[in-house]
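What follows is a pair of complexes built around subunit A, which joins subunit B in one and subunit C in the other.
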Partner chain A sequence: MNVGSADALSPNEQEAVAEVIDNEAIIIRVSDGVYYSLDKTGGFIWQLIQQNGKVSDIVDAVTRCYGIPQQQAHADVLRLAEELVRERLVCVSPNAGPNAPPAALPAAPAGATAYETPRLNVYSDMSDLLALDPPAPGMSDLAWGPTDTEPAPAGTARTEPA
Partner chain B sequence: MSASGPHATTCGAATPDACAARFGRMCEVFDAVRKRHADHVRVADYRFGGRPVRIQVAGAALSDRVARAFAHLAAAPPESAAPALRIDVWDEEATGVACPLTGPEQCAAAHVWSVDHGVFTASEDGSCIGFCCDGAFTMFDRRRHRIVGCRPSAGRLSRAELSKPFRILLSVWYHDNDIHMFHAGLVARDGLGVLIPGRERTGKSTVALSCVNAGMDYAGDDFVGLRRRADGTFVGHSMYGSACVALEHLARFPGLEPHALEDKAVLYVSDLYADRMKASVRIAALALPCIVDTERSRVRPARRPDVLLRLAPSTLMYVIPRPERQLMRLMRELVERTPCFVLELGSDLASIPVCMADILDRAASS
Partner chain C sequence: MRILFWSDTFYPSIGGVEVFAARLIPALRRRGHELLVISRRQHESHEPESCMHGTRVYRFPFTEALGSGRPARILRLCKELARIKRDFRPDLVHCNSLVASTLFHVRTAASAPVVPSLLSMHGNLEGLDTSARSVTGQAIRSAKRINCCSRAILADLVGAVPEVESRTSVIYYGLDPAPAPPAPRPSEPRLLCLGRLVREKGFDLALDAFSLLSVAFPGAHLTIAGDGPAAGELAQQAVGLGLRDRVRFTGWVAPADIATLLDACSLLIVPSRWREAFGLVALEAALRERPVVASGVGGLAEAIEDGVTGILVANEDSRALAEGVVSLLRRPSEADALGRRARERALRRFSWARCVDAYEALYREVLGE
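And then the complex of A and B:
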């Protein structure tokens, strides 16, 4: 799928769970156990995607943050976005338009002056192991939650180390 | 609720009432078994994740098997009449009482998944879940805080049932109690624990057994519970007192090898080191095991993204049901707050506990 400058990107929450730590994104595609990392520039871009950023806004942010030509940022962001879409990690909202709320950009990562072409690292070792197993249910499939519970019996307080 | 994945299906008996009725039949049969075989019912109290749990097992041999996996969590009965969870299970062969539900009835639920060589079921509202595997059948009514099940014979338990009884349904109970099952080992010294995450065959069990052999405390080799406290610190809870080690690796522990259950490679660590078992400890460090081609083991600091990259996929994909987004966030918080190390595992087992002591020293001073 081609991604355009006017499109908005957002994490595909049906397929992927992700967290950012030390400006690096760790993403897991839960349907098959393939997992990914995005370091440095890629981690910064993922944080912008988490804020449902428009591609053009992401390009502007990368250009400003790293002081690189906009043309280069545009090409790199589009290439990464298309790869993320192909891997089903990101959803595209076509032509988000001028009325889309502006994304609140995350702070530039420390030491972000050194630009590196964003790269999606793909790890399929878990997927190989899980290939013969069907997808397991997630806790979200068990919609009932402890808030629905009858109260735990009295006198069953937890004991834990101090 | 929507079922996930191509293997999730919907079939008959979908209503919560139908699930409750099947659960009720299981409870009725267990209660009858308990009365008829009162002399062979063992009632034992434990604390799982710090909460009181009562297990009643009908059948002497099955009772022994279950008790060994949880022996280190034994506790006095709760002050109130009812525990936070009740688990009732009977041995069909020993009691002469068959499961009241046929195979198709066991699998009849609003949602059905094939998982872990068995079938996992859930009622429409998710309040009643079940798991059947190799003829063993167990249901969990989350509203009533009760698990009930039966096993064909204590002599034909699978390795999973021997080492980690009720694991899949208990993971849901722990989740309901704000404790999340992690795919990791856990050892400790002076109440401070080192979490050892990693996939199969990365050395988790070797590290855990080397440490307990050398005098450290033990809380698990494969699956442990973690809870984040209000102050942001993490507590690790032991779930099982067993260890599973490939037979070829067990040979590296001459003192332990004779104690493994024959051909199952299941070891009840609590049988051997009762005084070294820990029910819960504060998490002080994470150690990523990494097998290297050297003699001596070594420790080096780990990058936090690398730790999350190892910890998260292994836990999210191996723990059933999958814990998903909430646990991913919890893991990130754990890694951010906890000193992380790589433990390069050499061939000399004696150097492993030395490294773990070093990790705890470094964590204490960080």
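And then the complex of A and C:
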């Protein structure tokens, strides 16, 4: 499906479970257990999609945050959007018309000038691999340390082994 | 050099891959290398951080995070792994597993410092998705070098991902002999199967074969050593075949007791259905001068030289297995000769020092030294 500048994008909530930390997104397609990731620019764009952003607004935000030509941002955003739609991770609302800008843009990544062409990483065999090697009973809720429940506060000292 | 060693399963888990890793790491450390191990926390009793022979071992509930359906757990784990990598500053990453948790290796490969990786293949790729969209395919394609534990595994890899052929190598496992010399083979037929009790190991075929030869050899006994989910079925099968008094199940065997177990047998049967990556148990038997009758599948055809150190038979053929065993029981001097040649070959071709040397050389190659 072709995606146009006037279209609005939103996560396909029937299919995609996603979370973002520090502009890094992991997305799980629940119907077949395919895993995806988006890094840096891609994670930033995913957050704009989570705000049901219009393609043209997303292009503007990427142009502004990374200081790249709008034409490049437009091409990259459209290519990624079409891929996300193809993978059934994103829904398109055609010709959304003028709408309010996103309430708050996600924080631009540190060193936002270091633009990287957004790339959807696909891990198509996760469901098969987990079936071969399933989680152990009783281990699922086992945290590995303070960072497993909440991100560690900045400056938190970690005890290093002697 | 500084080596970040990923091994999904690791000591105290016991298996070919785990034992290999648990021996390689201290051996490399003794040669002056710094290592750090990242592995899966398989049991609550496994400490999240521990020290093994001076090497730090981190264990994480990888599959639990992946199976939780909570992307944030995966992301936080990735960040923790990136931190460990950043703090350790490895020269290279050695990935010793190709399983679900390999996703974390693939995800953190790009985090600083970006270093070359070596992938060890210890199993075949049968049934796995190796396309560029898969974690498996990405781990293979992104590795600077891929080492296989046998030519059988190499052939499997190149068949699935031909473009990596120029980056592959084979380093066989190695074992050192126990200090005590092998005991003489018992004169009575004492047959042994040793390994995990799972269908793929084919111990039910060994029971059928034993049933076929048991009339001709009324003094013969079979020991099935190991533990696993097929234990109950195998015990029932032995009873059903009227062999209850002639088949002994030992349960789990400590690695230190394997030499004694082998000394007590006259020959080893390895009836594996699946394509064994190598067949380390055949090497264990060789070092105790025991001939092996095995199905000629996968790496077993490399661990055993047919007609020289053992006998290879058709896969899933209990009659052929029985014939192979009978041929050795009827010719004990030939069986002795096979055992002696097996040990000579094992000492010559499969020493542990050779294995460590080869890995060390491969690391240097990965680093372009």
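In the analysis below, the second predicted complex is superposed on the first by the 120 of 162 C-alpha atoms of A that agree within 3 Å, B and C clash if a C-alpha of one lies under 4 Å from a C-alpha of the other, contacts with A are read in each partner's own complex, and residues count from 1 in each chain.
The rule is simple: a residue touches a chain if its C-beta (ideal position, glycine included) is under 8 Å from a C-beta of that chain, and two chains touch if they have at least 3 such contacts.
Given the structure is predicted, the values throughout are model-derived calculations rather than measurements.
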**Request:** Quick one: classify A:S31 as touching subunit B (first), subunit C (second), both or neither.
**Result:** first
**Message:** Once chain A of both complexes is superposed, is A:E116 in touch with subunit B (first), subunit C (second), both, or neither?
**Reply:** neither
**Message:** A:V17 in the overlay: touching subunit B, subunit C, both, or neither? Say first, second, both or neither.
**Reply:** both
**Request:** Could you tell me if A:A136 is touching subunit B, subunit C, both of them or neither one (first, second, both, neither)?
**Result:** both
**Prompt:** Once the shared chain is lined up, is A:S124 touching subunit B (first), subunit C (second), both, or neither of them?
**Reply:** second
**Asked** In the superposed arrangement, what residues of subunit A touch both subunit B and subunit C?
**Response** 17-22, 24, 26, 28, 30, 35, 37, 39, 123, 126, 129-130, 133-136, 138-142, 144-145, 148, 161
**Item:** Of subunit C, residues touching subunit A in the complex
**Value:** 8, 41-44, 48-49, 51, 56, 59-61, 63-64, 66-80, 99-100, 102-103, 106-107, 110, 127-129, 131, 133-138
**Request:** In the complex, go through subunit A and note every residue touching subunit B.
**Result:** 13, 17-22, 24, 26, 28, 30-31, 33, 35, 37, 39, 123, 126, 129-130, 133-146, 148-150, 152-156, 158-161
**Prompt:** Quick one: in the complex, what on subunit B touches subunit A?
**Reply:** 1-8, 47, 49-52, 78-84, 111, 113-116, 120, 122, 125-127, 129, 142-145, 172, 175-178, 191, 199, 227, 229, 235, 280-282, 303-305, 308-309, 312-314, 316-317, 320-326, 328-329, 331-332, 335-336
**Prompt:** Which bits of subunit A are touching subunit C when the two form their complex?
**Reply:** 17-22, 24-28, 30, 35, 37, 39, 122-126, 128-130, 132-136, 138-142, 144-145, 147-148, 151, 161
